[in-house]
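The following blocks contain the structures, represented as structure tokens.
Both of the next two complexes hold subunit A, though its partner changes from subunit B to subunit C.
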Partner chain A sequence: MTSTIEAPRSPYSRSTKKSGVNWEKWGWIYMRVSGVVLVVLIFGHLFVNLMIGEGVSALNFAFVAGKLTNPFWMVWDIIMLWLALIHGGNGMRTLVNDYATSRISRGILKVAILVSVVSLIVLGTLVVFTFDPCPAGAPANLVASFCTSL
Partner chain B sequence: MSSATIDQKPVVPEEIKSFTVTLIIRRFNPEVDDEPHWQDFDVQMYPTDRVLDALHKIKWEQDGSLTFRRSCAHGVCGSDAMRINGRNRLACKTLMKDLDITKPIYVEAIKGLPLEKDLIVDMEPFFDSFKAVQPFLMNSVTPEKGKERIQTVAQRARFDDTTKCILCAACTSSCPVFWTDGQYFGPAAIVNAHRFIFDSRDENAAVRLDILNDKEGVWRCRTTFNCTEACPRGIQVTQAIAEVKQAIMRGKA
Partner chain C sequence: MPQTAGTLDSQQKTTSRRPAGTLYRGNTGMWSWVLHRITGVAIFFFLLVHILDTALVRVSPEAYNAVIAQYQTPIMGLGEVALVGAIVFHAFNGLRIILIDFWNAKYQRVLFYVVIGLWVVTMLAFVPRHLINVFSH
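Up next, the complex of A and B:
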């Protein structure tokens, strides 16, 4: 009787086909560059939201609405949104490449990651650009102070 | 003649105590077993003995069927890389005194390569990756008759670290990406590519950089430093991989 243990990994042949753009290389560079930028953006975001002034107790609808009418914070948030979601999505993709063994599960997981990243980016971008800080009929104590002067 | 030496007692070397060590070895015999299983052995060892000595003692005195590779037994040939207490080590370089002998010592074959018998794995996939990076000097110019290819000390020092590789597969089989990805070149192949990419006498660095710029090339490295920790020659493997990444980004060595 001879039994063979299945090989732990299948050394299938590497593709010799070369496409024009090396996405793995650019993906790797993107992770490094966006990582550095995100450190500044995220810690700046946390510092402003949680530590400056009244700190975390200042957070409410009016605070966020006030930030989202300021072009500086709109640009900050939009950059942070795109960089972080693509960074996270790409990281998840490499994890799937590492640990999903079958072609089908790999495909399903990657599509799921792509769909969630794209929909979150679209939603977030819509919010940043179409946000109404002073919804009609809202009580004055819940909205930003500048709404009353409109 | 002085009589002072007569009173002196002969110097008796302090007796070195031996102790019983339990080794738990992952056995697999393809002709009998369906699954690998763990088997324990007790051996009498000295602190200066190595794990390889324990394996020898077992094979020679207790169970001749224990199967493992070793050639030089002095850390040069790279035959006896194995997983000792969960870490990839050369059995011939791991001393008993450096292990916690109050607990059993677990010994198993390196991971990520097909298991053949006991501590022996099929090294062919590993050597295939090694071959794929073209690990040999390529130079179109023949030096003058009787002359050598001249290199400065600094040029030689540039790739000195990666010349130390003995192809034991301790690094590659400690890499989590290699465990799961059937195509990744693995640290050892990149180290050996590094050795020629940064050699001033070699002309084909661009070819090797192009090979490693593959989807399954250096970009799969997650810098977990498992390979650097595993290397019995102390090669800074992760740094070598990072240098190859840098060279690919700059487009030259």
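Up next, the complex of A and C:
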């Protein structure tokens, strides 16, 4: 019976495939690039929603209507939605890889993360693009002032 | 017992207070990493809820306002302080990680104290104003 014993301290090969995209590397880069952008987007979001005027006390449907009819804030919110969910989902994937000990629990948790992230990206994107600031039959005191002049 | 460089045995190497070759074992390097993970998970779960509550603008103004009114209560106002605290730490420490990775890891400790300092300054700007908004309505 013969067997091959590798030389001590020889570097182990991580996988059999030598070519192809290094997804972990691009994930690592994504966390840093999206992180920098998210600092700007989320600090801006928090400043406008919680600091200006009466902050959280001023938030209501009419406030959101004012933002989601402005192309600047629509683009801002869409980019923030996509970047943050993918950043958070990838971060949660890292934690699952670190702390979930069985192959089955890792699989279930990562599918759950993927389903949450994809469905919320779809939901959030649809909400921004199909938003109606002046829904028919809504009380005038609950909608933005520009609804009455239409 | 006197020691000179290069004579540490493997036991001493793995239990020394300032291990060589890693930022993330022990002291500021480790605790910033722990906090980064905890704040990251907390922010992720808030993000899931926050997208769902914002999606209520697509249901009706009444439904959205009913849920947003919950965010304006004193208890949730304190929760928002915790949320913003977590976000601000995660943001500044994330920038610290980028500086460690792309600039110079030897400043990681002083950068951690810069993160804490910026966090304190940011929270001093936010918390009083936010609590006035929450408790005066």
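What we mean here is this: the second predicted complex is superposed on the first by the 135 of 150 C-alpha atoms of A that agree within 3 Å, B and C clash if a C-alpha of one lies under 4 Å from a C-alpha of the other, contacts with A are read in each partner's own complex, and residues count from 1 in each chain.
Note that a contact is a pair of C-beta atoms (placed from the backbone, for glycine too) under 8 Å apart; a residue touches a chain by one contact, two chains touch by 3 or more.
On a predicted model such as this, the values are computed, not experimentally measured, just so you know.
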Partner chain in contact with A:5 - subunit B first, subunit C second, else both or neither: first
Which superposed partner A:143 touches (first subunit B, second subunit C, both, neither): second
Subunit B versus subunit C as contact partner of A:120, first or second or both or neither: second
Partner chain in contact with A:25 - subunit B first, subunit C second, else both or neither: first
First (subunit B), second (subunit C), both or neither touched by A:71: neither
Contacts of A:43 with subunit B and subunit C, given as first, second, both or neither: second
Subunit C versus subunit B, contacts on subunit A by residue: C
Contacts of A:97 with subunit B and subunit C, given as first, second, both or neither: first
Contact set on subunit B toward subunit A in their complex: 28, 30-36, 111-115, 122, 125, 128, 132, 176-183, 213-217, 219-220, 222, 245, 248-249
Complex interface listing, subunit A residues touching subunit C: 32, 35-36, 38-39, 42-43, 46, 50-51, 54-57, 59-62, 64-65, 68, 81, 84-85, 88-89, 91-92, 95, 116, 120, 123-124, 126-127, 130-132, 135, 138-139, 142-143
Contact footprint of subunit A on subunit C as seen in their complex: 37, 40-41, 43-44, 47-48, 51-52, 54-55, 57-58, 60-62, 64-65, 68, 71-72, 77, 80, 84, 87, 91, 94-95, 97-98, 101-102, 126, 129-130, 133-134, 136-137
In the complex, subunit A residues that touch subunit B: 1-5, 7-12, 14-15, 22-25, 27-29, 94, 97-99, 101
